[in-house]
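A, B, C, D, E and F are the chain letters, set down in written order, and residue numbers restart from 1 in every chain.
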Amino acid sequence: MLPESIEKNMSSETLITGKKAENAIKESLFLFTLYICVTIAILTLMTLIYDVLSTGTTRLTSDYEVGLITKIQIDNPIDFLTTLDSRYPDRAGIGPAFAGTVWLMIIVITVTFPFGTGAAIYLQEFAPKNKITRFIELNLTNLAGVPSVIYGLLGLAVFVRLAGFGRSVLSGGLTLTLLILPVVIVASREALKAVPDTIRQGALALGATKFQAVFRQVVPSAIPGMVTGMVLGLSRAIGETAPLIFMGALTYVNYFPDTPLSGFTAIPIQVYNWIGYPQAEWKETASAGIILLLGLLLIMNSLAIFIRNRYEKDL
Amino acid sequence: MSLQEKIENLETDLHLMGRLVLDALVDGVRALEDKDVNRAIATIEKDDEIDAAYLKIDQDWVELMATEQLVATDLRLSTSILQASLHLERLGDLAVYLGNTTQEIFDSPVPETVHATVVEMGDLVIDMASSAMESLKNRDKDLALATAEKDNQVNRLYNSMLEEAPKIAGNEDLFNGLFRLVTCIRTLERGGDHAVDICELTHFLVTGKFEEF
Amino acid sequence: MDNVNNLRDQLTKTITRPIEKIVKFFITASAFAAILISISIIFTLLTEAINFFQDPAVTFKGYFTATRWTPTFQNPEYGVIVLISSTLYIAVIACLISFPLGLFSAIYLSEFATKRTRKVIKPVLEVLAGVPTVVFGYFALNWITPNIIQRFIPGTGVFNALSAGIAVGIMIIPTVASISDDALNAVPNSLRNGSLALGATRRITSLKIMFPAALSGIIASFILGFSRAIGETMIVTIAGGQYPELNLDPRSAMYTITSSIVNVSLGDTPHGTTAYNALFALGITLFIMTFILNIGSDYVARKYRKEYE
Amino acid sequence: METKETVQVNSESVFNVTDLSVSYGDFVAIKNVNMDITKNKITAFIGPSGCGKSTLIRSFNRMNDLILGAKVNGTITYQGVDLYDKMVDPVQVRRRIGMVFQKPNPFPKTIKENITFGLKVNNMTDNMDERVEKALTQAALWDEVKDDLNKNALELSGGQQQRLCIARTIAVEPDTILMDEPCSALDPVATKKIEDLMQELVKDFSILIVTHNMQQASRSSDYCAFFTTKTSDDGKRRTGELVEFNETSIMFTTPDQELTEQYISGRFG
Amino acid sequence: METKETVQVNSESVFNVTDLSVSYGDFVAIKNVNMDITKNKITAFIGPSGCGKSTLIRSFNRMNDLILGAKVNGTITYQGVDLYDKMVDPVQVRRRIGMVFQKPNPFPKTIKENITFGLKVNNMTDNMDERVEKALTQAALWDEVKDDLNKNALELSGGQQQRLCIARTIAVEPDTILMDEPCSALDPVATKKIEDLMQELVKDFSILIVTHNMQQASRSSDYCAFFTTKTSDDGKRRTGELVEFNETSIMFTTPDQELTEQYISGRFG
Amino acid sequence: MSLQEKIENLETDLHLMGRLVLDALVDGVRALEDKDVNRAIATIEKDDEIDAAYLKIDQDWVELMATEQLVATDLRLSTSILQASLHLERLGDLAVYLGNTTQEIFDSPVPETVHATVVEMGDLVIDMASSAMESLKNRDKDLALATAEKDNQVNRLYNSMLEEAPKIAGNEDLFNGLFRLVTCIRTLERGGDHAVDICELTHFLVTGKFEEF
């Protein structure tokens, strides 16, 4: 079809057949491997959730008898949230732990938000680029990776003993604050970093002071990112167990905390507790606790993703 | 100033120069016709103005080309302006020549026919130059062509005059005037050519093609 | 000259507002709090750890050579090597699981997945990263052990290193995948196009161009994953058991640093006892290990980021 | 769509584009393009931003395959072969039709490896050193880097990087080089070098270049295609179209289309 | 360094630059600059990449203060006042000397807020609406956005964004506008609009513009300064220097310096 | 082709055209001197070549300006080339005129002095044109000035001739030749002016200033 003279025999044959077959096998094999990996990664999560759900829902929905009265199914989940723990797996509620978690969150938010964003703003916007700043940064990266037990030890030494808060919800909250502060600072800094430098220069060139430039332009632009970081930090705090063990959260607490200095327990601790009991029925109860925990997490993560998607495209 | 304005200014300057040159031509031809020395001197004096206009156009043109990248119509227009200015300058020289001639011959007798022909050719050249500038202004290539065709008439007059001249030459008194007028005729013949060249520019401006009429 | 002076007056009129100073002071203080935290961590861990080593029953030599960790026994032994080896053992199992899975998932996500697939899988992985570790512990104990380990390796105990290691591995997949994916994504798209435009296939492009280009980021993710595995507490506490002696059998229970810390503190050891102080000795050991890894990961990650700036 | 047989193979032309449209999903980015690209000449694509120049040039080596939702209709034949034939392997296409991008994108490897990578994937592993030298020489970069072949390519200046990208493209001996605004990230000096280089290369290769720099198109191309965006009657769709395709010298002195003139003289609108 | 009194204030000039050098740490980016910038004229800075144009223009409104290690020696007086006098507050300076950047950088807020921000920080809170309208009108953007003032500025096209940035700069009524390659991110149509705009603005403001586009400098500036990088004798230091400062028309027809000619004619050596 | 090459080509073309025109002038003057009709015809025929060269330069020039942004020396050079080509074209016409005249007068007697003067003027113009082109080529503004000064000689000859002519005119047989030669003289006088204009271009090219010599 083509004149022979065309060099490099640019014929349909070379273009069409070429090395495609040989390549195709290698390519497909490679892609297949990748599929497997992703599937395993996702599948384990699915298995985990399925396992928890299938066990936990029995506890949450199945009819069971208290005395002679059969409870209405729909009430169970709510009851589970509000009732006290019990020796009997089918009667154990998560009320105090749930309340403890709420207490913890409130403390964590009130302390983390100002300090976290403040530190981030200082480091990203005002700090001179010198060794001290670099040192603080390195410190933060490291703190973000310090295992949570260590924070537990710190909380134990500083809040429980030194400050004398005892094994209270306040000590717990502050310990969790320390734990997520580095995470929140790093995330907030990322949010600030994502604000293009041109915005700062633009504001300054208009005659804004540094302060005006930062607080009127940069920070508002970064708020969605900072809030996302905060939410993700909180969701980490919700699930933390180890450090709270040092706060005495594991001791049998069967009342709702009423002051910051009350003793407390929290959902993950409660779950850990229940897991520890040998009777099989506790599994169901633990699962129910886990479902609640996962539910909370899912809500927070969705919130974070929502905020991110909502504002991401704007910058 | 925007490119548009700069080119417009340049074109305006060209047409102002054209006006000057036409005025000079009219003065030159009329001075010659009436042997009016004062008018002749006025004609000659106008040339400085024309030269100044010419230099200004050249200068502005170079500046325009240095500071703007011209393409297509803009480029053809500015090129035409530059070349037309050269032709106008030449036509201005022609008027000066007529003025000089007037000064040489105003007090000598001249052969009537030749004198009349020179004036006729002069009027033709004025007409052509004027139409040529008009065609350039209006991007009117038909007018340009029509104007260019008038040059045949100029050439015809020129040739017939050259053939006639020796025959009329009889009277020795007329000799000075005659020779002077003959050079004017030759000059006017070239004037017609300049007008034709301007017409060619119109054609180039409109069509983008260089063509000899 | 009047005008000039006038202008000079205007130009030299600096505006200062007290509120700006206050806010600035506060945020500066916040930033320095980070240093405070570190210092207090090191300080508390050190002071108590020093107390620990001052107990005559404890020797440095014993701490690093004894093969049992039994601080609450009558004749306590403090062989930290038991704990360290268990910790590393479980961490290695976790890495064996998470590195390939995490990396390949990342390659899939960044190089092969369509936008839509990516949009689904990425959040799923992120949620996976946020699942509390008690949940993984529960999962390891109640699902992995009975359904996988005990089925395929009969005779394994309820508490065993393998299931703990697997669970930790699964837990850190998202970390590895997510950071590796970020690293791959940070490689400019133009490199990918450049390679494809030269006639390279997608496989070659991802393995020969994208992977090396993102290598330091990927290594950083590995180091960080390893550090996480070492510091992980609840999973190993719940599923790994407490076998206080040196052993390398994956089917048996093990005793990691973290779970021993938890266990000692659960025992409600009174303040000031050697067992209590041992907590902090372990704490500082763990802190040093993770500190080195975290800083290393940060260093490597920084290096690759610089390349494209 | 035409079958291959009906497309007339002009020995002088390297690409024949027939009724080409490219859409992203529902959005038609460019449509009804018909043109023959001449061999061993530089053809420039110019036009206002968003008129589909990049979209079009990417369809010449099937880089559009990589873009989600991009769909090519109509035919582009390359020396007589329909590039979008189902049997045609895009990888093979790209080996023959090289591409240089807007921003220099050297691999973060050594200068040498940047070039050998392409050679390896094209199985041109014989005489590698010679090939490297030849490509760098052709790209007018050899003298500047010959003592430093193991230097990281990212340490080169922008202009050098771009020449390296050209070198690695020509090393695999394509027939055609596509360039999408190859100088827009470069300073005038570097730009000059790339333009000189193009004049050298066009002796052996056919070159297609997208540029939004009128000067560049006018001074360095042989043919020039002007595209613009036309708005549909209801004002809702904006689609790129080929307005004029002509010799560059004609395009810039006596363009056929009023629109072309307005654009090249900066009076667009 | 000279004292303020000895600098001769030319009623026609807005800036007097005397023996200016700017360094980054040890590295002297540009040195020995002496020039008077004329009021209500457009002055263009041209020169090869890295010769210090941006560095220089930033020292006219003390944006260099923001760059770590940047140090300005010599004097720039602004209408007779030494800008680098210890007593001078850079914030005040920037209120009088506005700046437009290479890439359009609107704040991610509404169009209106983009302009009112500058007004607020400058305490010009009276008649805000009128001021917004006036600035947008002057920036030739009002007609395009007047019905959409609450639209997010990021939804504007590149050219519109740049005009918005100009609008917010002129809204605070500076005397002088500095522009660092304001069109390099724009397509030719948008560029044209900005250039037309500059011609409008120069009636009220003095404009300094950095551009690497010879055409732009030649067609839209009144004065032109050409800088280049000179290498020290030992070949180690490369420092920017002012080569020629002249009327643009002279610069492009009969430059004084051979080097200028080589650069503007693209023969840089 | 690079800008450099394009301009060089254009200049080469101009000098080739200059060669052609000079040849034509030499032919024209010699033909007139020797009343050599064949040479005269050859001269006239050469004009097509000259016109073609002129058109080519114009065309290439427009293309150059359309595709390159010229500044400073490049711009002045290309401008000078364009304008010089116009003058050369005119000088070509002059040669044609000499050729035509030769055809008209070869068989008639001509007044010796006038004939000799025309040839003298012709040689002068050849010399000037040649030097003018030389000065343009070598960017030699001194040569340009020197050449321009030669025009005074041409003008002197011209004026004295015009004054002489009526006195010589005695013999009627000579009339035809005489008139024809007088127009040649006028034409050559203009030729000198064209050479001067080319010299002005040299000056402009070197200094960037437009000045009338």
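Observations
FYI, contacts are C-beta pairs under 8 Å (C-beta built on N, C-alpha and C of every residue); 3 or more make two chains touch, one makes a residue touch a chain.
It should be emphasised that the depicted structure is a prediction, and the values quoted were computed from it without experimental measurement.
Traced through touching neighbours, the fewest hops from chain A to chain F number 2.
C-beta contact counts were set side by side for C-E and B-D; C-E has more. Between the CA-based centres of chain A and chain D the separation comes to 47 Å, rounded to the whole angstrom. In whole angstrom, the spacing between the mean C-alpha positions of chain E and chain F is 52.
Distance from the chain A centre to the chain B centre is 90 Å, each centre being the mean of its Cα atoms. Contact with two or more other chains is made by residues 91-92, 96, 214-215, 218, 252-253, 266 of chain E. Of all residues in chain A, those touching 2 or more other chains are 23, 209, listed in ascending order. Each of residues 3, 62, 66, 69-72, 75-76 in chain B touches at least two other chains.
Residues of chain B touching chain E in their complex: 1-3, 62-63, 66-69. Touching chain F in their complex are the following residues of chain E: 214-215, 218, 252-255, 261, 264-267.
Within the complex, the chain C residues that touch chain D are 114-115, 188, 190-191, 193-201, 204, 208-209, 212-213, 307-308. Within the complex formed with chain F, the chain B residues making contact are 51, 55, 58-59, 61-62, 65-66, 69-72, 75-76, 79, 82-83, 86, 93, 162, 165-166, 169, 172, 175-176, 178-180, 182-183, 185-187, 190, 193, 210, 212. Residues of chain A touching chain C in their complex: 23, 26-27, 30-31, 33-38, 40-42, 44-45, 47-48, 51-52, 55, 114-116, 118-119, 121-123, 126-127, 135-136, 138-154, 156-158, 161, 178, 181-182, 185, 209, 211, 215, 232, 235-236, 238-242, 245-246, 250, 268, 271-272, 275, 283, 286-287, 290, 293-294, 297-298, 300-301, 305.
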